[in-house]
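Here's a structure for you.
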Amino acid sequence: MGRSHRVLKVVGWLALVVFALIYLFPLYWLLNTSVKGRAELFASTPTLVAKHPTLEPYVTVLFDRGYVRLLRNSLVVCSLTVLLTLVIGMAITYPLTRLPVSRRLRVGVLNWALSLRFLPPIAVVVPYFLIVRTIGLYNNPLALVFVYTLFNLPFGIWMLKGFMTEIPQEVEEAAYVDGATRAAAFRRVLLPLMAPGLLASAVIIFAFCWSEFLFALILTSTRDAQTFPVGVQGLVTQFEIIWNEMAAAGVIAIAVPLVLMLAARRHVLAGLTFGVIREK
Amino acid sequence: MRHATKLMAMSAVLMVVMAGCGGGGGGDTDRLVIAAVQGNESEGIKALADDYEQETGVSLQIEELPYPQLYEKLVTTFQANDASYDLVMLDDPWMPKFGTEGWLQPLDSTYGFERDPDIAGVIYDVGTWPPPRGAVPPSEQGKEAHLLGITVVGNVEMFMYRTDLMDRPATWDDVLAAAKANDKGDVSGYAIRGLATNPVVADFLPILWSFGGDVFDENWDVVFDSKESLAAVEFLVNDLKAVAEASPETVDAADRSRLMAIGETAQSTVWPGEINSIVLGEGTTVDGKVSFIPMPAGPSGQGFGMMGNWLLAIPTAAENGEAAADFIRWMTEEDTQRLYAENGGIPSRTSVLNDAGLNEANPYFSALAESLAATPNWRPRTDQWNAVETVLGTNLNAALAGQMTAQEAVTAASSEIHDIMEQAGYYA
Amino acid sequence: MSEPVPAAASLAPTARRWTLGHTPQERLAYKLLLPVLGIVFVIVLLPFLVALISSLREGGDGAFVGGQNYARALRNPLLYDALKATGLYALIVLPTEILLGTGLALLVNRVVRSPNLRALIFVFAIIPIVIPPVGVGVIARLIYAPDYGALNYLLQLGGLIQQEIPWLSRPMTAMLAVASVDIWQWTPFVYLVMFAGLQTVPRESLEAAQVDGATWWQQFVQIELFYLRPLLLLVLFLRLADVLRAFDAIFVLTGGGPGTATQLLSLYLYRVGFKFFNSGEAAALAIMVLVGMSLLYSGVARLLPVERD
């Protein structure tokens, strides 16, 4: 029993090391490529370690190509989306969890939210493009904000519901006993308790929003409204040899949601599994 | 409730501000938004942006997009009747679609452009819709011809070869012979640009024509499955492939030019834009060892250069028409063309191309002038070209990858193209 | 909102049938909910209506031609190629992710005892999941591309291959490459869910089984699997939903190629709508996809172990 246990341990650790490499190497490769100079890219074979690492690709991407503007657009669009999503999300979740709403309605809304997970965005892009075109919001960041809010609402509802149901109603009821109105109880009791939940949701929605690509690609045409992922994809062209810039843009695109999600990592899993896996 | 209302008021204000920020280019006369293709073709314009701003006070916002996306984005934007772009760069094969749909403003009638004798006639021809010669789509016949675009990158596809490895090839048979002789070690005899759709089609059409084949005839009937066309395809996927680099079906223009630059191939076709930026650019090992000539001849007896001009045009929906027209005029002035050439641009003025001084830095200029004067071929002038090119390109690419034989590729492509043209009403 | 609030006792939601506005709380609830839900509902319904109308018109905005766009869409053999490609993709990706993720969870659960190391693995596992799909596409491009791709270089370095493998230009290898991207990105997700599930297995049961001499396989099948089953269903459906919608990373890596080998359903829709600009046909396809997905969802929804109450 002991020997097979030890064999299992050795094999197990070996497997873990292999997996660690499989996950770390591509990330390393991305970073490595992003600091290579142009001359090095012309070589016959790629190099495992950049010979003369330089930050020039980053500078070129951000400033020469003007991608700073795209970063700004992403920031603005994502912030507004978070705001809108949370406000509407709360407006839906509060009655659903704190007020006597018919069970059918509650289940119905939650079901609808869950079902949107099965919706391929491309199927919505086609009509959405027609709508945006008609109302003149083409190449306008607002169009993105509205779409992103729509797609993040289900997630927001589930996250907020999860947090709200964890806060016992007794806390608010205590405030009622003290004579507070529902509005005051909401503002002074519930909201502060929801703050960590709201923050976690905000962070995750921001990260999702940041990563969105398809709608931004189709609904915008100039850097006035384009978001960063569109810029990243624009560099992935085989016509030019700019893989270092492509990698640099990739690094920037990854860094933002990565930092955010790592900060909120305790809630990420709950969010992704509709509350089934809750943090302990 | 006050918090909520404050929040909502803030977002409302933000949204109004954002609505104002969206969609640039409209009615803004000190800024011109240009939709350009990402790559060496835009280098020239980018280099001149500062000069233009100093001269006129108008700044240029150049939006670069990769080739396939530029087309998709332009069509999407035009369909949305959006004023985001004041000027657009278009590849000449896109002119039929844009011209047929009426998406571009006429430069001659609205802005008074006239033909300049110092610029080759074919340059004006390629920017005119309906085209002054060759097959005209049935729906466009009888329409009044207008100049819709002016060439800003005078591209004509040429041929390049290593002077230290071989003699100047006069025919494609010479090319094949020299390729076989040089195909050893790291060096491939010929570099095929075989990536799917536009790249492989652009590379292959001159070969197709020099063998006497074509995609359409004068009445838009598909002749891609003719004897001559098949011979050309077989030449590409059997003969040339045998002496080409590995996996030609993944190779695009920059890749094959890079191969030439590091000395790993003996011959290839080439677009002028790649010459100074890649073939003779930073990191090259073949400086002084490469020569650029017009296309070799084929069994038909003729060699056919192919145009790939990039044109500047003004979208119908654009609001800064006058400012945009001024910019186009400025681009074609002789001084600008000189400055443009010095900064890596490809001029279209014959006098500038034949200038001795510029030919020292750009040895291919006179060959280019020669090609332009010989009236090169252009791609079929149909508004369905994007779909046709995709079909041609996908099948040629599959044949190059060894997934189908030349005959299968030719048959499949021909029938699919026939369907496309039929559905588009060409055979009424 | 200054309604008199009733005493605490009557705040508990009563189990009554759907009556509208009998208590002030109910009225408030509906006053808040219905306008908001109404607006959201309209905004969600609008694209569907627009797509429906567009799908019935010639070229999306011409004369009404009934089912012509649908017939044309269904006649196109590329649609079935796309469905087949999507099916193949799902068949490769789903079992691999679930088996690998579960296996990893079991492995770490048994072999790694230190809580600090477990926490570290948790952080590492989160990283691939939160990378934007576009970013993963770029990484994959840098690995699989000819000439500058890391994979060929490493394989040649290790003496495993002589010539470069053109990963992205052969249909089967391209499909594998594209599938590997999804597997790389989402196996950690399966791992995290399964690992969390394994923590809910009561220690006493496991210890009792070990005392009885059960092998790890027997422990797994007889005890742990029971606790993992609902989670297996959950990840299966979540991953299925994502796999059917896959677009971003594939778009960046192969654009649907070579030929149409990796042109999954979403990419095919993109091609019809935004490469060939057949608005009518694209709308018809969109409607069919929407209906199909709704049917699929209603079929599997009951099995999802998610609280909807």
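A, B and C label the chains in the order they appear, each numbered from 1.
We adopt the following convention: a contact is a pair of C-beta atoms (placed from the backbone, for glycine too) under 8 Å apart; a residue touches a chain by one contact, two chains touch by 3 or more.
None of these values were measured; they are calculated from a predicted model.
The touch graph of these protein chains is complete, with an edge between every pair of chains.
The chain pair with the larger count of C-beta pairs in contact, out of B-C and A-C, is A-C. Our note on geometry: subunit B versus subunit C, Cα centroid distance of 39 Å, whole angstroms. The mean-CA centres of subunit A and subunit C are about 15 angstrom from one another, to the nearest whole unit.
For subunit C, residues that reach two or more other chains under the stated contact definition are 1, 274. Touching two or more other chains at once are residues 129, 183, 218, 236 of subunit A. Multi-chain contact residues, meaning those touching two or more other chains, occur in subunit B at positions 1, 76, 79, 255. Taken together, the subunit B residues at the contact with subunit C in this complex read 1, 72, 75-76, 79, 196, 246-247, 249-251, 255, 386-387, 390, 394, 397-398, 401, 403. Only residues 8-9, 12-13, 15-16, 19-20, 22-23, 25-27, 29-30, 33, 41, 45-46, 48, 88, 91-92, 94-96, 99-107, 109-111, 114-115, 117-131, 146, 150, 153, 169, 173, 176-177, 180-183, 207, 210-211, 213-214, 218, 229, 232-233, 236, 243, 246-247, 249-250, 253-254, 257-258, 260-262, 265, 268-269, 272-277, 280 of subunit A touch subunit C when the two sit together in their complex. Of all residues in subunit C, those touching subunit B in their complex are 1, 146-147, 163-164, 166, 168-171, 257-260, 274-277. If you check the complex, the residues on subunit A that touch subunit B are 38-39, 42-44, 65, 76, 80, 83-84, 87, 129, 132-133, 137-143, 145, 183, 187, 191, 218, 221-225, 234, 236-241. Across the complex, subunit A is touched by residues 1-4, 7-8, 11, 14-15, 18-19, 21-25, 33, 35, 38-40, 61, 63-67, 69, 73, 76-77, 79-82, 84-85, 186, 195, 252-255, 258, 261-262, 264, 278, 282-283 of subunit B.
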